[in-house]
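Letters A, B and C mark the chains in the order given here, with residues in each chain numbered from 1 onward.
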Amino acid sequence: MMASLSRLAALVGGEVIGNSELEVKGVSGIEEARPGTITLVGGAKFLAMAEKSPAAAFIFPKDLQLPPGLAGIKVENPRLAFAKILRFFHPPQDFPAGIHSSAVIEEGFKCGEGCYIGPLVFIGKDVTLGDRVVIHPGVVIEEKTAIGDDTEIHANAVIKDRTLLGKRVIIHAGAVIGSDGFGYIQDQGEHYKIPQVGRVIIEDDVEIGANVTVDRATTGATLIKRGTKIDNLVQVGHNVEIGQDNLVVAQVGIAGSARLGDRVTLAGQAGIKDHVTIGADAVIAARGMVIGDVPPGAFYSGQPARSHTKEMRIQAVAGRLPELIKKVKDLEKRLAELEAANARGNSPEKKA
Amino acid sequence: MMASLSRLAALVGGEVIGNSELEVKGVSGIEEARPGTITLVGGAKFLAMAEKSPAAAFIFPKDLQLPPGLAGIKVENPRLAFAKILRFFHPPQDFPAGIHSSAVIEEGFKCGEGCYIGPLVFIGKDVTLGDRVVIHPGVVIEEKTAIGDDTEIHANAVIKDRTLLGKRVIIHAGAVIGSDGFGYIQDQGEHYKIPQVGRVIIEDDVEIGANVTVDRATTGATLIKRGTKIDNLVQVGHNVEIGQDNLVVAQVGIAGSARLGDRVTLAGQAGIKDHVTIGADAVIAARGMVIGDVPPGAFYSGQPARSHTKEMRIQAVAGRLPELIKKVKDLEKRLAELEAANARGNSPEKKA
Amino acid sequence: MMASLSRLAALVGGEVIGNSELEVKGVSGIEEARPGTITLVGGAKFLAMAEKSPAAAFIFPKDLQLPPGLAGIKVENPRLAFAKILRFFHPPQDFPAGIHSSAVIEEGFKCGEGCYIGPLVFIGKDVTLGDRVVIHPGVVIEEKTAIGDDTEIHANAVIKDRTLLGKRVIIHAGAVIGSDGFGYIQDQGEHYKIPQVGRVIIEDDVEIGANVTVDRATTGATLIKRGTKIDNLVQVGHNVEIGQDNLVVAQVGIAGSARLGDRVTLAGQAGIKDHVTIGADAVIAARGMVIGDVPPGAFYSGQPARSHTKEMRIQAVAGRLPELIKKVKDLEKRLAELEAANARGNSPEKKA
């Protein structure tokens, strides 16, 4: 597959610098750039790499100038342009419509046009799929689940009964959507299971990482709103509500009934206590442990999480603690000497 | 499905307040209560919600009084009553006895009455199931495993060879029981694998969450005792022993050969070092990192985990550290002035 | 299966102490030793257990002397000898060559000699296997993947398209190799997915734990080098490069583009920031949170991770913080008294 710079520039709304008829044969990262490809110069610090690079052309931001002799495409948002050109050279895999003969499908199945149901898939009673849904091998979809157009479910994922998935949702391999929430009542020293009879609702354009677990609600629904992206190995507890366009990085845990506003970011391994509320646009740093509500727009970090500014001050001070203890010991000694001297009605010199 | 208040009250051993012939058509949570349903008023703080609620009736504790005009059931343990009424309206799914034609079952298979073996299941040699065992689609059960009555294994879970599962055990989707422990010997800079030839034993009434991993023992058995409940994405290392009626919340990691007593609680994302012992009834707070033995009944938190009282004091102080550092600097300055004055054989005033 | 001490000693290059014709019938751990078996006395602290043990013989290090009357094998590296004797008594399961009739295999499949393809496996187009590869039930291997000799993939694992696996690799149950990296571009408040078109390369003798996730590179490859061992539920981000002979313990998270040298150890639940470099032979303690480069050979711990010596000093001091605050308060009071006294032009005694 080949494309001229002018064609690619048109694709991303950019301006060609250099030979617009130059033919590019693919995309590569700046660090492993290959001859004939186009790559990304995200900022000034990559210019030196660009000069030595075997790449044929470069995507770069408007406020930068390419070294003389290099060709490329100047754009507003170079990373976005890079992503679009990647997609151009690597179009999504085309799955042939049809149901593989080894799939097991129970009664009441409804399916739109152009769906692909792979080998060894199980689909329970009364499941409904929209158009162009792709179900990879080994997936289990339980009864009364409904799935919107263009959604893709990767291998060996499990979608439990009565789940609702929107359009263009991506569920990665091994994820489990709709497992029971962790709810028990103590009864005479033992744990009595609270039946988990709610469901999971996942809106349009959500992406769920590999081996993620999203628990169904006790009653009602665990809800993940439009556009939210969740990385691998994340736990979403029962009755959680996640707003639109959140970013939830790998290994985060969100406990039951927590509520996240829109555009919240939870960095890797963060933990959110049950029933807390996190305001829109808040950011929780990696490993942040949230144990109370977080106001909109706040940046929290630490264990327990507090305002990042405050946490940074505490961390800076923590490194100086051993020194502080020594200092206080020294102060004590000197003060005691002064007190002793004064007690003798005299300064140390006078007593000599 | 409908039930009168008097019938539900009999079910949970409670007393009807209001019209005992009132017919209720389901259960809902207090926050999303639907007309015609019964819901839970767990304590005084929910009374205001109850007054505005469209629900038909309320489960509430003995020490509370319902606002006038509301009907309901007064009970000792309202959450337990709520759970029982939930179960009444949502009885566990009934699986038809039988083995799906797409399941692959090797020789030596023994099975009690009323078992359901779903589509695309694999069962290895010499596996034994009790009565009414439910095996969901895509599950893999390896050879010489034995499973007790009324146990349920959800979709795509893997039970490795020679595992023992008790009665009424629930294994959620994607869990892996009996994977190799992480054991190597250094030999000339490389890692030589220690064969993991033990097994996993899981006793009656244990519940294991989605995508959990429980490693088999090097020799002997990794053991999870009766009534313990484990949430999603938890790691249980080789040769671990977990006592009865533990609660292990999501994303906890328990390293090899750790021993937990009965009724221990490990909150979310806690970590337990290898070979430590945690006494009965101990509680480890969320994210607690246990690096030594914990006495029975203790409440530990922090990283590393210590007595929660002590950790709370440290956390309280941590926030005041920057201020403390300033204070010590100030003390130093004032002390130096006093010392200088005394060194001049005089108080500051005298020298004037 | 039985073996004489002399035969076992020859196997591990050790010296028999006691009756070399003594027949041993198996191996057991020192804590649950069974009669007739050989067990491990790793050091002096296990001698008392050995004296009371029902075991028939003991593997022990050269610098130790067995109590009189006990038989055994004296070796350089007793844990390595134990591992080898374990393997002798528990040889790896022998899988019959062949492809199960329920497996679904697409065109372009190439396979060496002696491969076992279990039931309900799916293998996509143009997959190549070496000799003696073992694919357990329920595994999904996507197109254009290549797998080396003697590699074993456990039940329900997923190997995504174009992955390269070396020789003698072990992938445990439920692991997902080659899922999409977590990469998005902000575009007008929404997240635009960056296509993840790279792959995963796993070299010889690597072991990957149950339910681990390894993301494919955006472009290029996520790389895990020869001999590295990864425990359960670990997350490896896109474009990460892990050196040779690393040990990565359970629930560790390694963010995108991090680079680990050879023989690095990451203990349980550690977290590595994206784009950092960790030098060869470095050790990160359990729960260590690495937010910057780590020099070769360093031992880091804490959140954020720093030199372990420094972190230990800080931790030791942290426990004394409440006491320190009291001390500073006391100092302040005493200093104020002194200052007041001096201000009166007098020592406390003089004013009396």
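By definition in this document, a contact is a pair of C-beta atoms (placed from the backbone, for glycine too) under 8 Å apart; a residue touches a chain by one contact, two chains touch by 3 or more.
Predicted model, so just to flag it, every value in this text is computed and none were measured.
Comparing the residue numbers each copy contributes, subunit A and subunit B share less than half of them at their mutual interface.
With angles rounded to a multiple of 5, the C-alpha fit of subunit A against subunit C returns 120 degrees of rotation.
Annotation: 25 Å between the Cα-based centres of subunit A and subunit B. Residues of subunit A in contact with two or more other chains: 102, 120, 138, 156, 174, 211, 233, 251, 269, 303, 318, 321, 324, 328, 331, 335, 338, 342. Across the interface of their complex, subunit A is touched by residues 102, 104, 120, 122, 138, 140, 142, 156, 158, 160, 174, 176, 179-180, 182, 184-185, 187, 189-195, 197, 211, 213, 215, 217-220, 233, 235, 237, 239, 251, 253, 255, 269, 271, 273, 289, 291, 303-304, 306, 310, 313-314, 317-318, 320-321, 324, 327-328, 331, 334-335, 338, 341-342, 347-350 of subunit C. In the complex of the two chains, the subunit A residues touching subunit C come out as 27-29, 31-32, 77, 79-80, 82-83, 86-87, 89-90, 100, 102, 118-120, 136-138, 154-156, 170, 172-174, 205, 207, 209-211, 227, 229, 231-233, 245, 247, 249-251, 263, 268-269, 286-287, 303, 315, 318-319, 321-322, 324-325, 328, 331-332, 335, 338-339, 342-346.
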